[in-house]
Amino acid sequence: MNWTWFHRLASPPYIFALARRLTPWFGWTSGLLIAAGLYGGLVLAPPDYQQGDGFRIIYVHAPSAWMSLMVYTTMAVAAAIGLIWRIKVAHAVAASCAPIGASFTFAALATGSLWGAPMWGTWWEWDPRLTSELILLFLYLGYMGLRGSIEDTQRADRASAVLAVVGIVNVPIIHYSVTWWNSLHQAPSVMRLGKPAMPVAMLVPLLIMLLAFTLFFVAVLLVRLRGEILSRERAASWIGEALGS
Amino acid sequence: MSNVTAVTGEPAALAGEEGRGPPAPASMLDAARLVLLRDLKLAFRRRGQLVQPLAFFAMVTTLFPLAVSPELSRLREVAPGVLWVAALLASLLALEFLFRDDAHDGTLEQYSLSGQPLTWLMLAKTVTHWLLTGAPLALMAPLAALSLGAPGASVPGIVICVAVGTVALSLIGSIGAALTLGIRRSGVLLALLTLPLSLPVLIFGARATELAIRGSAYGAPLELLAAMAILGITLAPLAAAAGVRISLE
Amino acid sequence: MTRFFDMGGYALYVWPSYAITLGAVVLNVIWARRSLSRARAAARRRLAGGGSGT
Amino acid sequence: MAYEGLGAEDLHLWRGERHVLDGVAFTLPPGFCLHVAGANGSGKTTLLRAVCGLLYAETGRILWNGRDVSEDLPAFHSGLMYIGHEPPLKSDLSALENLRYWLGVRRRLTHSLLEGALQRVGASAWSDRPVRTLSAGQKRRVALAALSLALVPLWLLDEPTTNLDTAGQQLVGTLIEEQLARGGLVLAATHQDLPVARERVKRLELAVE
């Protein structure tokens, strides 16, 4: 089997240059899509027959919630790759993910609470999805806390990678247990995302926003990744060139 | 290949005591037994450390009647939650000692260089941790539950639930303890890493205990608890061993 | 226009949600750029200082 | 390239910004001792730990009897003993108990073997006292007993003669020479002289970066 593509992909100078070239594409596309999604969501989409204009929070809440999980998964997969094959770039990807994911997890919690306030009449409801989101925020904080407490980058990379992998194994279990617990204690929640009967004019802006946020994640990841790669390389000759331009 | 001679160093050349042949390697079971016995012996030489988590558990469960109300009917409602939060914190308290001394005096290095699977030795250490905290907690929990208004008939159920749940807690905790090795003042970080992962244990454990106190069938949540303990037994020692190796680097 | 900003009475909830999320977007851009420029500066210092290695 | 003994090729290792091992290489045939010398901070301990696999060298390989040790680390580990700066002893246990639990994880032991090893290093008189009451030199002697009990082909010793009196240092020399005579190998990192016959010793001088 030919592994050269794999090693090329894992080589820091190649990734660094690739990241620099790709960032504007992802960045500007996501910017345009966010603008389109906002217009569609705030203006074009009709008000919900039950929640009126309050449902428009979905266009920021759902993409944030999607980000929180997608970024964690990306982080855990990158961490596992770094751990198994000792690939520095993979660790750099994992390290770049955490702050992005944590910030959107926080946004998902805040918007979820703001959405719940008029619907439930209270600022916080122990709704299974919000609770899972809260635990996810703790997982992110733990990951960043562990990284921050270990000075040596290599050790920090590997220790936090183990934690990320353990975390991703636990996320479904946590989600399941929270849903199970919730079903014992209260009626099913008001917020239902997967309503099959969502009109197209409502659905399209949502899909656009999901795509836009995903591309945005890639763009920010690529910028952070370059920083992380730089801090992991020691006096390699290509760094001089990379910094020169 | 040509330079392999009788004189040069195949391990067999080190044929052992008074020419009785090479030493017999210890089996995995022997190794685990010794790790377990050593930790038990050390724990009983330091009884103060052994009692601390249990005293903590007793303290916390005593605080609740004082903070909530002495009415047994109200206490009975919160009893499962109190028991499990206290057990979780007590188990967490003992975790800091799980690997700390071994890391400090070089024992973990010797374990990882022993030629025995480190995962297996970590499992032995975690079992010891459970024997020293989880098992006593399981025996103490009914006392605390009785003082919180649980009926006497619920005692066996509570013992089983806490015993199974603390197995899972010890295993999850061993990962956190291994990952925070070598970090100064790691207590809060250890809690931050371990508590979110322990959440399912808390949920199922409290539910099973609640059902046991009410006198209903608690089989379903207990099975889920046991499933998590089994999943933990298969996966947690792997992660703990990886964490220990990383801390030695 | 005022109807748009009123959001059918949900203005108090809708607009803060959008503000928080777009705030997260903007902050992420700023943080990412800052972390990159910090790493650059550190790498430059390293090259200038201990550049004798390897 | 398949030779008997221990070899290291082009080991590079960084600690943070410090390039601690800068292309270290050596070969050591059976029956020889490698004296790793160098000033404080030259990476003696790092080299020993990298050889036994506690530290991961970013480039380079360790060869044991011609094979890369990363192919089968447990097998390599069961053939080596590493003793660091501090002997890995539990202060609440006696010397005898320490040896039983430490070495017992590796091999089967009998009480007479333990007694014999302790007697050999002059520890019989205090072998049942808690290690916490022993002096640094006495602890070293317990570690020496462990070495001779393990009966493995490769020893990695970090400063084996510190804290020992003259008789103790002689004992280290005798044990190493016996190990070499058995066809074993010894890697000893020390800035002092090794009390071992010259013709059996190869020297590796590490420089501070």
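For reference, chains read A, B, C and D in written order, and residue numbers begin at 1 within each chain.
The rule is simple: a residue touches a chain if its C-beta (ideal position, glycine included) is under 8 Å from a C-beta of that chain, and two chains touch if they have at least 3 such contacts.
None of these values were measured; they are calculated from a predicted model.
Participant: Taking each chain's centre as the mean of its C-alpha atoms, give the chain farthest from subunit C.
Facilitator: Between subunit C and every other chain, the largest centroid distance is to D.
Participant: Pick the pair with more C-beta contacts: B-D or A-D?
Facilitator: Between A-D and B-D, contacts are more numerous in B-D.
Participant: Express in whole angstrom the distance between the two chain centres, defined as the mean CA positions of subunit A and subunit B.
Facilitator: From the centre of subunit A to the centre of subunit B is 33 Å.
Participant: Once you find the CA centre of subunit A and the CA centre of subunit D, what distance in Å lies between them?
Facilitator: 48
Participant: Report the inter-centroid distance (CA atoms only) between subunit B and subunit C in whole Å.
Facilitator: Distance between chain centres, rounded to whole Å: 42 Å.
Participant: For subunit D, jot down the residues that touch at least 2 other chains.
Facilitator: In subunit D, 17, 19, 56 touch at least two other chains.
Participant: Hunt down the residues of subunit A that sit against at least two other chains at once, touch-wise.
Facilitator: 152, 234
Participant: Do you know which subunit C residues sit against two or more other chains?
Facilitator: Residues 46, 50, 53-54 of subunit C touch two or more partner chains.
Participant: Going by the contact rule set out above, which residues of subunit D touch subunit A in the complex?
Facilitator: 14-17, 19, 56
Participant: Residue numbers of subunit D touching subunit B in their complex, please.
Facilitator: Listed in rising order, the residues are 2-5, 29-31, 52-56, 74-75, 77-82, 84, 86-93, 97, 100-102, 104-108, 113, 116, 150-153, 182-185.
Participant: Subunit A touches which residues of subunit B in the complex?
Facilitator: Residue positions touching the partner: 175, 179-180, 182-183, 186, 189, 192-193, 195-197, 199-200, 203-204, 207, 224, 228, 235, 239, 242-243, 246-247, 249.
Participant: Show me the residue ranges of subunit A that touch subunit B in the complex, using the header's touch definition.
Facilitator: Interface residues on subunit A, with respect to subunit B: 83, 135, 138-139, 141-142, 145-146, 149-150, 152, 154-155, 158-159, 162-163, 165-167, 169-170, 173-174, 176-178, 180-181, 184.
Participant: What part of subunit A is in contact with subunit D in the complex they form?
Facilitator: Going through subunit A, the ones touching subunit D are 86, 151-153, 234.
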